[in-house]
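Have a look at these structures, which come just after this line.
Each of the two complexes below includes chain A, the first together with chain B, the second together with chain C.
So, the complex of A and B:
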């Protein structure tokens, strides 16, 4: 791109590259969480064998993230399959979702699936997510908002950039929740100008920076280490 | 241009709407409702016309309306004409739909709370198209609430005159095409896009908002009548990707080119377009023209435009009020080769 000023967006191939970088950093710095996986999103079945010239399109997926909310309004998150709640002492982490709970008996685990999908129209990533109970029942939008950690609810309310709507998943033909992308390019631009003091970022870091803003809204912070250069 | 716009806005589908048998509480059951639905409209907007037919027979409870065709719950945010073009390989007149007032399949369909949901969805699509055409949503964002409402109402009422007035505030742009303007379609160039007022602005990004609905037909069928019904939305590939027009000197970017650009997975870029010569070049793998996917049917606004039509003409004349071009296409992909 040779535009004079960066508009805060990225191309499909930049997204794919950035997604890979994000997933690698996440794996390295967030071992308590399952890794993000790359799901190929080829909408139409392919029968040709010559794919070399095509950009691999897909999205990032993180599923079965357990978020536990006790009646005390504190939230912890745990990895699917772990018997006990995650112990904060093991890691110097700024992740707000790994707070240990007060050990209250009235805990109700909810499971979240997160997909980071590229929007070709807006040229930005978009976060889709859904939540369900241990019995498999899907949570409605209102329920999800009440289940999110207290500080995410705060971010949601106070931020003019972030609101959640219920829309159809671009590939799965099911209703999911979506964090609206409208302002993404604006705040990405601001983020890089203010924080990184560069006019154009190294595009590989796009998703890491993007997630540092979006993650806390849905209760997933990222460790500081991820934001640093490798 | 005005003629094409009138054609699009006046397009309508005759519907015969049956109440689902589980919700019929009277004997004899009520006759179906016969409704003429605007192509550019949406099914939930027809509820005020339909409800009177069935209100006396419904079981008690709150209405959660949804429509279904041969067992397939219909996505309410897809324009009625597009649903018809996609799901009825052989056009059915009247189109027989089933309406439900209870038991909304919320695991499959996003919620619809009446006209407001449809309007919200429409305005969002309008913003998305605005972003694609202009690189920002300013045109739509700067419309006042009352202007947006006026625009929306003109769609609800399928009132083209009102729409033209309201949308003059939106600079929707035209797609300029040198090739098309030099040909017999040159009269199109001087005509305006949506709105009679001077809103003709060249699209800044050179991109066209398109929504493609692809049905990959695995079997061969002679007549459209024999086409298997679509029993699940998983059979349809939905491609919501802006179309980038590649201008080549002396060449026209056709509708066919557009489809190939939007579906690179099917129409591999290494192949030469079929138009050049009779047989495309063999690939490294030794495959021949027989391996090209075949476009069995392509429908836009109920018509089947010739594939050689310049895409600029198609997009300028056949798009929906929210500025998206909706294209239904049935493609037959040859059977998988061994790797």
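So, the complex of A and C:
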């Protein structure tokens, strides 16, 4: 492929290969976090001449990443109670063997799910994410921004490349947040020209480089070792 | 408060906590709507939990979309969820979903809890729990799904058989402190294997057997007999969701009940298994010695013990509720999609776009015809939400072709009122629009009111005055010249953003009126402070600098232009492409005005600035005064017209007269055919122009005289 100018995008099969490489490097270099798993979705057969090749479609998933905030930062009140619904306390709730005051009243955990999904129309990976309270209630966008670590919120505000929108997850049909991809190809191109000084990268490294820009926005760091050749 | 007993303090268990993924509610809603409908029989569900994996946060029993039973038709995504996977272990439960809130409140919680506790007790007695230990953590949920408001009320119960007298704890400490180093290593290894194997990962209760050579192995509960003897240490282990250092999690309660019932042991060693980063963490895991008293639970005693377990909500015995309107209500989804579109525009192209301002600007559209329909649609596309349409006509058979808010149905049976049909149409396009329709005729000079009509005309004038006062931007989109007179006057009086659009056969005019000659009434107090001389000086300066209105170019007053017209003149024929062109420009001009830093008044701009304001802050573009478009050669011209001091609509004379005499003045203007011309001095001007003696040169110099 001797294209004169690379446009910053990658193909679906390049994405799949790059995703595997990314997941492996992450597992090796980032033990503090659980590993990314590849979730398979539809398999679309592609007929090429006389052979049938199956292009496996799927996405990378990292779920249940827990961020703990102290109760002093009043972020999101989770599920409300129905104060007026019951007049008297029920006797059956507790006995002497039930611990009534728990020690974790001063911390509030929030859980994040991250999916990296390929966008066929933009031809770039897109980061989808959502956050929820411990009782399952989803956080709204402004709540998420206040839960994310302080420096990632800053990156979000200042960077002209990052824009969070709420859209339907392409496979799960539920509203998720995503980092809008329309600038991705532009800055990927810049990244490779400026930093790597090559016109076109080895596609396997695409996702690693892409994540080095996108990760800090949502508070996921990437260790330096991942960016180096193995 | 732990009560002290002879053999240690009462063992207190941390209650299980529930977590319901929104996908569960989505699925329940759809099952309720499509499958169950009013059937409220209990539904078997599956909960999932995993051992604690965080030192500060306990794990929860989670319900997800897959927790509900699979549809017979749905093949794909719900195959082997029943068997646990590494991350979560499945637990059987039951859901009582009621049809009304009253039913929800009326459920007999005591008896429901007892029913589930009985199932656990019977599983213990029969030995089923020994085979399938997940049955020990059976749970119960009651719920009410309000599918109109998209809110869900629910309450979990984790039935735990009460030991009487309660178990006491002799000691409980971190597993790493209890085991020797070799034992610890071996136990970790055995646990990791147990957790990685598909056949055992979902088994939450087990035995830890440590041989004298420190080698540990994990066994099923049913192998207890086989593990006796040989100097082995035997601990009862379970997946502990709790993170606390001095308390075990709730699932232990029913395990102790099983132990009491099956083997009548007096003391047991326990292993509360917790993980971190996917592997056994013996610093977080606990080991303890617990004493069990009494013979209540011996297998000869068949009575059902008491049970507790309704989940507390912030320490109160009340149910929980959650509202999902934001992600389920289609109107809300439409709103957020529309907002997203505009925000994208702001992000990618126009950072200075003020979306809040657009959303809150109240727009009044006078005329709901060809121009009115198009202007309304463009405004909605810009995120304007408050739109009022005024028109006294009904939808005629020819209208839907050119007036984009109407359909054929609106014409039937004499035709709906345009203003009202337009509102309905706007709401069908975007439910969140705040649109209002006013069916009213605009009083016009040259169309005198009879004595019966006078009161109606007065009402209409007042109504129009109030409408203009209560809106921020007014669009003059009617089809006659004289119908624009009163609105122009009122807008000049109130200093509102006023945009006129008018169509010829193949040409159009779009213009923004200049500000009125007088500041708003509320500012009059400040003006009073000036001396009379200064005041008149200030006013006359303002007059000269002001941009003009639609009537400033006229040297005749507006009269009846509709009577005595030929048929083609009556039908206001225009080329179809004109209306959308003109309407779009009108709206874009208005948006530019709203973004101008001087606000809509844009007063006293020097001549050149009115024409081409190329300030850097005006990222949206310039603010021309008038745009005239010609389809004949597909061209557009930008013009400037200053205010005319004898204008019948916006001159100082007229506005002052209106402020002083109000409705009386309006009636006079409407009824008397030359009153306005006399008042402003147009009559005089015309006379003097006519009397002007022009000496025509006979040289044949053919300099074209410009038309006035």
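Rule of thumb we're sticking to: the second predicted complex is superposed on the first by the 181 of 230 C-alpha atoms of A that agree within 3 Å, B and C clash if a C-alpha of one lies under 4 Å from a C-alpha of the other, contacts with A are read in each partner's own complex, and residues count from 1 in each chain.
Quick note on the criterion: a contact is a pair of C-beta atoms (placed from the backbone, for glycine too) under 8 Å apart; a residue touches a chain by one contact, two chains touch by 3 or more.
Values in this document were obtained by computation on a predicted structure and should not be read as measured data.
When the two complexes are overlaid on their common chain A, residue A:174 makes contact with chain B and with chain C alike. Using the contact criterion defined above for the overlaid structures, shared-chain residue A:138 touches chain B and also reaches chain C. Applying the stated contact rule after C-alpha superposition, one finds that A:41 touches neither chain B nor chain C.
By the touch criterion defined above, A:31 reaches chain C but does not reach chain B. Of the two partner chains placed by superposition, A:193 touches none, neither chain B nor chain C. Partner contacting the larger number of chain A residues, of chain B and chain C: C. When the shared chain is aligned, chain B comes close enough to touch A:7, but chain C does not. By the touch criterion defined above, A:120 lies against chain B but remains apart from chain C after alignment on the C-alpha atoms of chain A. Contact with neither chain B nor chain C is seen for A:212 once the two complexes are overlaid on the shared chain.
Judged by the touch definition given at the top, the superposed model places A:20 against neither chain B nor chain C.
Across the superposed pair, chain B and chain C both touch chain A at residues 138, 166-167, 174-175, 182.
For chain A in complex with chain C, the residues that touch the partner chain are 31-32, 34, 64, 66, 68, 79-83, 85-86, 89-90, 92-104, 107, 109, 132, 134-138, 140, 163, 165-167, 172, 174-175, 180, 182-183.
Within the complex formed with chain B, the residues of chain A that make contact are 7, 42-51, 53-54, 120-122, 138, 166-168, 170, 173-175, 182. The residues of chain B lying in touch with chain A in their complex are 75, 106-111, 127-128, 131-132, 135, 137, 209, 214, 216, 232-234, 237-242, 263-266, 268-270, 283-285, 287, 291, 331, 333-337, 339.
Those residues of chain C that touch chain A in the shared complex are 3, 10-15, 17-24, 26, 54, 56-58, 60, 62-63, 87, 105, 109-110, 113, 153, 162-163, 166-167, 243-244, 247, 253, 277-278, 306-322, 326-327, 333, 336, 340, 343-344, 347-348.
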